[in-house]
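Same chain, two partners: chain A is paired with chain B first, then with chain C.
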Partner chain A sequence: MYQQEVEVISSYIAVSAVEVGKHLYWEIGGYKLHGQVFIVSWLVIIALLSLAFIGTRNLERVPKNLQNFMEFVIEFLQDIAKNQIGEHEYRSWVPYIATIFLFILGSNWAGALIPWKLIQLPEGELAAPTNDINTTVALSLLTSLSYFYAGLNKNGLGYFARYVEPTPVLLPINILEDFTKPLSLSFRLFGNILADELVVSVFTLLVPILIPLPVMILGLFASSIQALIFSTLSAAYIGEALEGHGEH
Partner chain B sequence: MVNLPLLLALQETNREIEGGLFDFNATLPLMALQFLALTVILNLLFYKPVSNVLDDRDEYIRNSLTMASTSLIKANELTQKYEQELAESRKQAQDIIKKSQQEAQQIVSIKIKEAQQDAEKLVFEASQQLNIQKEQALKTLEDQVDALSDQIKLKLLNGNLL
Partner chain C sequence: MENIIRIFNIFAEHEFHKSLSFNSNFLEANVINIALLLTGLIYVLKQFLGSVLTIRQQKVLAAIQESEERLKQAQIRLEESEKQLAQTTMVIIQIKKEAELTAQKVRESILEQGKVDIERLTSAGKASIAVAENQVRQQIQQQITALAINRVFLQLQSQVTPGMQSKIIDDNIVKLGGKI
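== the complex of A and B ==
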């Protein structure tokens, strides 16, 4: 009798279960991929590209509806880059910062707004691409690479002089920083998005719509903040690397 | 019922062969490449054209502003010039008015003088003629008086004689 009950409950749980750490595996050339991450990220990329394509069809000097919105978006993103990197050098970094913001925001909202549970996968579940550690580490490593590139490109090998600033005593901490930066970036994003999805799915498992809804709205807010934080911090790191050590 | 969590946990552990939260694999580099491709495409499709439009608009506005300020300066200069000209011509007009007034006054005074002279002459002539006529009248009167007195004298004398 208990067995029956358990089966009933477990079948119910299987529908709205919390699935953590299970992935839809694809195999390409002997390498394994997380399929669900790529499916959703492609949807996000398609959405971004089509928005960009439609929004820039007929650009005019006096902007109209959609062009206004696109200009607002790009000015917002330029402001992030300008505030962190500075008036002189921000222009070449706008594409990177802007894409980081748009991709993370799109991914987070795709995970929060679209009811992926309705689509059954053989293994794992569709969710925000940013709740996979691979995505966030990839983005944060790109940030690391770009700030190294920015520093070396501007100051040459003199870039490494900043490791002994203000005193050589701080050398180990400065070196450690290069590891903690991508680590904190990636884990902040990963943890926030995963935690948000877990909280929402646990709540939906326990109680119907009334309690999870505010949490979901909070999750929307938090995920946009995470996108802003990631792009702002990336811009700040790049700006820090671009700051010549002789200038201040 | 008590065993439920345990059963579920058992189920989970049985199914979990690979995976986990921190399952790094080829997703990472491919995601990075995909992201870079997205950056490049969005840059070509979105950021560059839109920021070009923004820059063009900025330049257009700046040019229009400088043009407007130059035209404003020009307009101010023109106004000053015209005001000066206006003041000058006003002065000239006043001069002309003064001159013509003076001339007119002169003419008027000359004419008045002439008229006065004419009038005096006329009065003088009239009074002269009057005097002459008066004398003539007196003379004729005297003549008549003489004639009358002669007649009276004659009559008286005739009467006495008779």
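== the complex of A and C ==
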């Protein structure tokens, strides 16, 4: 009898502290954007840029604290790129791999370490931007684009000869790979981050003090591993596309 | 039913928020756990990263010092070899000068030799010419004396009788102071 009213009203009642699937919608030119993702992404970007800016003021020959740390980070990222892409061509891909790693790590850790719940939005809640499938799909499409660009840049149209190596029988599988690569990248990251967030919020809902801590620690660890995996896999795909003739 | 709907309305109006606001429910916002996690994380990271970073700094320092040492060494060697280069160029110049002098001397001595030889040859030539002249003069003199004697002989033969001949001989004996 009153089904409609009950449905309408029950949507206003916050019966749980978890708001999954609710987003802060911004409208631009007919498209709806997820505002909460943008807000946190911008904060992460600003933090990364200012760290980079501050870290590179007053560069000295013998590195002091912050410069030392930044150099350490750069060496770590260069290592990832060098191991996957190879000695000769890794240099130009270090910025991309580094940005992917730092952005994903930054957004995951920002989502886990900053008490976003203190700020209440009209709709939806602030959390890690990578818990939204749109973000992760965007990142993996970027990776797809970059390995295509790498392959085409190096080998021209001969890049498509890769599809019939080692045997032409594998052609359908190779074509399928072009779709599964971005799919797996995006879903892996999305699933990990969203699941961790959900588990933490459910635990917090049940027992607010101390018990969620192990899961939060696991979440931090897993999210950094995910950042590493995403960037390493991107580098591996780029390295694979750059392989070319006779370098197997 | 009315009451239930009214209760629902109260809840709705209480909970529904239309603007950005600050949620002061710390428990809900998980602040305690996050604070604990953050402190734990910072502590662990400081430990771990601290050691890694100091080791890295040391390595960088050592590498810089080593390369500076090598730079110094290389510079010293560069200076030394430059000095040696300067010395060798000087020696080269000296050798060149000496070579020129020796060449000059050799040239002059050869010229001298040449002159001496020329002198000798000319004097030898002159001497042989003189000898030949003498010989020829002697021969001519001989010829002339022979011709002169011949003529005298012919003249005497045609002019001198036996009487004149004995007279000439007697005159000569008287001149010699001898007595006949």
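Everything that follows uses one rule, which is that the second predicted complex is superposed on the first by the 230 of 248 C-alpha atoms of A that agree within 3 Å, B and C clash if a C-alpha of one lies under 4 Å from a C-alpha of the other, contacts with A are read in each partner's own complex, and residues count from 1 in each chain.
Following the convention adopted for this analysis, a residue touches a chain if its C-beta (ideal position, glycine included) is under 8 Å from a C-beta of that chain, and two chains touch if they have at least 3 such contacts.
Treat the numbers as computed from the prediction; the structure is a model and nothing was measured.
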item	value
Touched chain A residues, chain B compared with chain C	B
First (chain B), second (chain C), both or neither touched by A:Lys117	second
Contacts of A:Arg61 with chain B and chain C, given as first, second, both or neither	both
First, second, both or neither for A:Phe72, with chain B first and chain C second	second
Partner chain(s) touched by A:Leu220 [first = chain B, second = chain C, both, neither]	second
First (chain B), second (chain C), both or neither touched by A:Leu33	first
Contacts of A:Leu48 with chain B and chain C, given as first, second, both or neither	first
On chain A, the residue positions that both chain B and chain C contact, one per complex	2, 5-6, 9-10, 13, 61, 63, 71
Of chain A, residues touching chain C in the complex	1-2, 5-6, 9-10, 12-14, 17, 61-63, 65, 68-69, 71-72, 112-115, 117-122, 200, 204, 208-210, 212-213, 216-217, 220
Residues of chain C defined as touching chain A within the complex	1, 5, 8-9, 11-12, 15-24, 27-34, 36-38, 40-41, 49, 52-53, 56-57, 60-61, 64
Residues of chain A that touch chain B when the two form their complex	2, 5-6, 9-10, 13, 20-23, 25, 28, 31-34, 37-38, 41, 45, 48-49, 52-53, 55-56, 59-61, 63, 67, 70-71, 74-75, 78, 94-96, 98-99, 102-103, 124, 129, 132-135, 137-139, 141-142, 194
For the chain B and chain A complex, residues of the former touching the latter	1, 3-4, 7-8, 11, 16, 18-32, 34-36, 38-43, 45-47, 49-51, 53-54, 56-57, 60
